[in-house]
Amino acid sequence: MDDERYGWLSKFRSLRGLWRDVAQTIGSSLGVASRLDGDLPPNDAELLREEMRQCLQARGGEMSARGRAAHLGQAYLDLTATGRRNFLRLLAEDFDSDPNEVDQAMREVGAATDRPARLRAERRLKQSLESPRVRLLTQFTTLPDGVKFLVDLRAELVALAKTDPTLAGLADELRALLAGWFDVGFLELQRMTWRSPALLLEKIIAYEAVHAIQGWPDLKNRLDSDRRLYAFFHPRMPDEPLIFIEVALTRGLSDNIQRVLDEQAPVEDAGRADTAIFYSINNAQRGLDGISFGNFLIKKVVDDLSHEFPNLKTFATLSPVPGLRAWAERHGLIGELDSADDLQLTRLTARYLTEISPERGRVRDPVAHFHLSNGARLERINLRADTSARGQLLSAGVMVNYLYKLSDIEANHEAYSGLGRVAMASPIKALLKG
Amino acid sequence: MDDERYGWLSKFRSLRGLWRDVAQTIGSSLGVASRLDGDLPPNDAELLREEMRQCLQARGGEMSARGRAAHLGQAYLDLTATGRRNFLRLLAEDFDSDPNEVDQAMREVGAATDRPARLRAERRLKQSLESPRVRLLTQFTTLPDGVKFLVDLRAELVALAKTDPTLAGLADELRALLAGWFDVGFLELQRMTWRSPALLLEKIIAYEAVHAIQGWPDLKNRLDSDRRLYAFFHPRMPDEPLIFIEVALTRGLSDNIQRVLDEQAPVEDAGRADTAIFYSINNAQRGLDGISFGNFLIKKVVDDLSHEFPNLKTFATLSPVPGLRAWAERHGLIGELDSADDLQLTRLTARYLTEISPERGRVRDPVAHFHLSNGARLERINLRADTSARGQLLSAGVMVNYLYKLSDIEANHEAYSGLGRVAMASPIKALLKG
Amino acid sequence: MDDERYGWLSKFRSLRGLWRDVAQTIGSSLGVASRLDGDLPPNDAELLREEMRQCLQARGGEMSARGRAAHLGQAYLDLTATGRRNFLRLLAEDFDSDPNEVDQAMREVGAATDRPARLRAERRLKQSLESPRVRLLTQFTTLPDGVKFLVDLRAELVALAKTDPTLAGLADELRALLAGWFDVGFLELQRMTWRSPALLLEKIIAYEAVHAIQGWPDLKNRLDSDRRLYAFFHPRMPDEPLIFIEVALTRGLSDNIQRVLDEQAPVEDAGRADTAIFYSINNAQRGLDGISFGNFLIKKVVDDLSHEFPNLKTFATLSPVPGLRAWAERHGLIGELDSADDLQLTRLTARYLTEISPERGRVRDPVAHFHLSNGARLERINLRADTSARGQLLSAGVMVNYLYKLSDIEANHEAYSGLGRVAMASPIKALLKG
Amino acid sequence: MDDERYGWLSKFRSLRGLWRDVAQTIGSSLGVASRLDGDLPPNDAELLREEMRQCLQARGGEMSARGRAAHLGQAYLDLTATGRRNFLRLLAEDFDSDPNEVDQAMREVGAATDRPARLRAERRLKQSLESPRVRLLTQFTTLPDGVKFLVDLRAELVALAKTDPTLAGLADELRALLAGWFDVGFLELQRMTWRSPALLLEKIIAYEAVHAIQGWPDLKNRLDSDRRLYAFFHPRMPDEPLIFIEVALTRGLSDNIQRVLDEQAPVEDAGRADTAIFYSINNAQRGLDGISFGNFLIKKVVDDLSHEFPNLKTFATLSPVPGLRAWAERHGLIGELDSADDLQLTRLTARYLTEISPERGRVRDPVAHFHLSNGARLERINLRADTSARGQLLSAGVMVNYLYKLSDIEANHEAYSGLGRVAMASPIKALLKG
């Protein structure tokens, strides 16, 4: 089901054909992959190892190496789940850096007697630590959809690495590789509208996980003149949003998500809005987990909106409190939670959102942690704000506004990240003291 | 003069203003840079060091760090040549990796008793070798023209590093950083035409170094319907060609560059051409020296042209022989060269182009080495092919066709790179034996 | 309901606001329109007449005239159905050409004694026949969506003119005006794909009237790699398809529309198709009724497809026979129709499709007439080809292939248009003789 | 020379090949044109007449008619100057409306006894006056560059019609046809920058006739950040500017054109400018003479600039006074002009610019008439404002500022167009009284 959500298998089925063409165009002598057993038993793994080796040696030139890479990618896509694990293990184990070379390079560093010699030795040491497997993966960039292939590959790899420590190093290196490519400086902010390609809008529908989109009319409503939807894209993955954020232009802070999403509600005059409410933010690529864009996205969008609507005074979220009930359960407060009156529920939520966990040195709620790290302030706690079954289940219907005030962001961030101090509006402060 | 050619100083002068705005937009507390003395004496260097430190610590959040980077970039641009050298030294020396950390990490690798422990220790060792200065440079990606800034910075750095070994490590790391970003998989092939932006065509005129473009009419002639000009671009440097290649569509192999460039010559019917002559290939960014695209560019262009003109049968270059006279001089053959008859001159050239230098394990002529490495074949030696003063001076007017035959490229490459065997047409082979 | 289908009212509601802004920007002294009663009683009509007069005189310059036009358009949109009829009558009657001027000009033509004098007089006569109301309508072109306004206005006008002869002349002139603007030479052929703006795809769904589109998945299926959908657009109405055609790439002639539309059917390899089936063609703008593009659209698409898929050998339609049952009823053949065996039904259909009606000098079926006029040939009659309720009702499930063979189109067209001879495949000819 | 300036012949030479392809693609039976003698003697004219007739009858369908049109166009392009005149005469004389039909239609109008009958008869009369030759010309719209062909054809036609009255009617009709297509509502305003296609910029250089552009550096200077250049384009002639205007953003009114054009002058900060100076406006298509866009262009540009630069307070021209010396000569004031002191010269210029010519009912200077008709005001007379030889020759170095003040434009226009009253600044008024 997850696979389906990410279009993983279906996409790959068509990639397979595409890459077969690429491989055939470029190289003539390649043919191993098509004869592999889907589970990749040892003998077949041996064939694959040889092809990987040739790809790395760039036999026949760099262009041929890219042809071989297409071939290897195609082989990967044809494998079963078992076969893919074997493929990844092969890559991880047989194409890691060479311990003997590393040892030798470390000895040279140790033996260096002056600074220039030390620097030269360190450079060699660094090279010895660069694994061939990463060079192999880099070859995929020239293939059509090759970057998306690697992103999706990482999603699979990370899942497998949880139970298979031999894959951890490779997962780590792939993360570093992707983090370099997906540096926020290389991303493009695009506004999605009803004029955007259906191809992209279809993915927005599929990827929205915070407040599911019920279909095209629901999406159209979220793109109306009093709404905005922005996404980050990478130039080499132009058909795939990386992360996106949904905004409602309102008068005053929103305190109820159903009202925000109501398709029947009249369209507001955006020019007269004084507040921008960020009501949903979604990471769309599981393969980029742990590479963070959200902070930049919010600030770029604040900047963009400020220019388009000079009347906007307030930038804030309407955010879920996903961990509230689970936390109450863990701390034996669940009875208290379910029987709480409004004041008690507000106070309980405030406590949950602002207490620093001694083990992790941060607040417990992941959404709160994200916004507080970004320099936002806990502004208001709204009861009966999410009346959906899910909202009731996870957080007793409570939602929260986090406020992004440009002039305070730096100080808030420093206070939270450096000192563990949570920025919050004075009523909440008072409530916690009371 | 070189600076001018690359638009270095003038570009930077306008960047300075742009970045000042960026720095002001993002952060309020920055202001050190504007008070620095242009030569960056020690006291001022201390101020800068502090700012670099804060940028690396991301005080105030990642967004502020980018603001500080803009500030540092602006500071750099305001410095004199002396100031810039001091800036780069400061960066190279004070923000290198920490030797104590490296030593400690090496000890841990040595102490590891099983494979998982070893892998963990190697990962820490690798991290300890990653210098803060590279993280600092990466911050520039989000700035307008930040990538171009780094490319040009590398051009300066490489020049300085030749006489200043303390800069070698930084130069090396910047090269690796750029090599990752400018992987050929991230580049876009664009055909330049008379419909292209004047802004880009102006740069083609400025950057063409093999056969200088005499002005706009000369350029227009090179973009006519029987010509092609392709360039590689990076998505984050859309106004800067990285490398470009010029092609003439002809009947048969061209043997004279003046005829190719003649603006008065009638335009040929490209649909009836059987040969594509690559008559000029230029690397446009000195800051990307050593990061190679030429091989891919030629092959992509061959591919593109094959689709557009199914009648094309032959893909070849009309190339200079830049080192011929210098080689003849070094080997006491200069008298022979100047008095040679046609046969002797052809044979001398053939010898020069095909002999493997024992010291370097490759042919001596850099152009020949480039094409032979790509898998091309030495096809024909043309006398009186470049009658310009420069052509006479460097190579006695000789030019050469290298042939790109797709089916032989892999084998040719392997033979040359692996065994030092030069692919050549049989008449040349016969000549050398004779 | 029709209004809704064409987005008429809702679109106009937003236009109203837009044009109010335009009117205010351009002119200051305009204000009549906002005080009109919705039904436009005589007194208000008088106010409007004065404004129209000033608009025509271009008081304050041409730019002001355009501002007044915006004002008049806004007034029109604010009126009720009664008010709009009054508006149009006012325009038709009070701003027609002046009979006295026409009479005077005719006298001058009659009095001309030599050819130059006659030519001069004819030019004045022509001018006297040009009505001010058309000049007024032309003013709308500069307004945002002004052309679409006029197209939709004509739809209303034509409907009213059926029962109101005073509007016939205006309707006629508006037709001529639009026919000039929408000359096929000014239109752009666009292929619609899943990458097209959702805004446009939504209109394709709304406007498809031959085989209704059931929703976005149905549309996506019709845009798959073995399908094509092309539309004509006008540069000044970029958000509105004028006419569109849907194509399936198949092997052999399709004989069943349900199979063509089946979303579960596997996607074919378009490169191996030998036949392009045009299975739906829709005029999207009622206001352009009687201005014909279909002929050009089909031929441009044939041209486009021939280049993209050199393997295509056959271009044909899969067309409904919408008038079959009605014709059978009118001619007392309905009993025969309902009890017919396959052969009889085929023969009856062939007769219906090929007999020239003596009154109209053409075949009776409108779809047949359209394709035969275009030079197509009646190729095959398919029974049980449309099993939908509508297909059964209108044509007993029969559908037809018309064949577009480029080399025969001219001759077929001449034979049909000039001589009333219907081109048909020999089996059908044989059947009719039998 | 004029031909060269408008690219007329060279463009047509390539069109010829293009249209030959079109003609061949569409129709098979066409072949007359290629055998015509260049001067088009009577026998050949007869062949052409037959082809025109068939084109009008749309033998073989509308698509074939367009093929024939391509053929006719190609024939025209192959003719000599003599042949073209014969071609145009043939078209004008043999394909004019039919006098007998006109007479018959006039009789029917006369005989009509009630209003509906009269209206029907008038419609037929109008149709009888529509000449076949215009329908023929309309066919060219679908051809590549067909609209440009007609525009250039009109330039030739107008020149010939001056001495050949038989061409006047055709010239008139072509004007009306083009005026409909080139209605300002169908035009697109584009800003030209250094990023614009070289193809378009080259034409700007060629078409600038007020202050000739000296080459690419001069053009680049006119596109700098403190300058603007806007042009109108038609969607079917995207490679041809119709009219363009050049603007300098300054502080205060400019009083000297050489300073405006000085490439060495420092670039101003456009954001701080308070004045926009329109210093050159050029009609680029001779074939569109008499179809006016300038008024709309200026007002659209004022609108555009007001949004981009809210600090702009004044919009004015720096205009030549092209008829000053000629007027002085005609009125025996030339001695006075050449010996005038500053005050006298200013007063003489003021008189020339503001006196209404009794014969023509307008001021004599064409530039003054253009701006005054647009509603501008004569603001200031600048001596020694154009020190070029041409400026001295035509207007003794005098230039003028016309002021465009939005709130006065309507009243100024009305006063000038209606009453012959010239709007001017009070110092000029005082001067004229003095």
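The chains carry the letters A, B, C and D, assigned in the order they are written, with residues numbered from 1 in each.
Operating definition for what follows: contacts are C-beta pairs under 8 Å (C-beta built on N, C-alpha and C of every residue); 3 or more make two chains touch, one makes a residue touch a chain.
Source: prediction; values computed, not measured.
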Touch-network distance, chain B to chain C, counted in steps: 2
A-C against A-B, pair bridged by the larger set of C-beta contacts: A-B
Whole-Å gap between the CA centroids of chain A and chain D: 57
Chain centre separation (chain C, chain D; CA means) in Å: 34
Chain A and chain C, separation of their C-alpha mean positions in angstrom: 49
Geometric centre distance via CA averages, chain B-chain A, whole Å: 34
Interchain contacts, given as pairs of chains that touch: A-B, A-C, B-D, C-D
Touching residues on chain B, where the partner in the complex is chain D: 194-199, 201-202, 216, 220
Chain C to chain D touching residues, read off their complex: 27-29, 59-64, 97, 99, 102, 106, 109-110, 116, 118-119, 122-123, 125-126, 129, 138, 140-143, 146-147, 165, 168-169, 172, 180-181, 183-186, 235-236, 295-296, 299, 303, 373-375, 407, 409-411, 413-414, 417
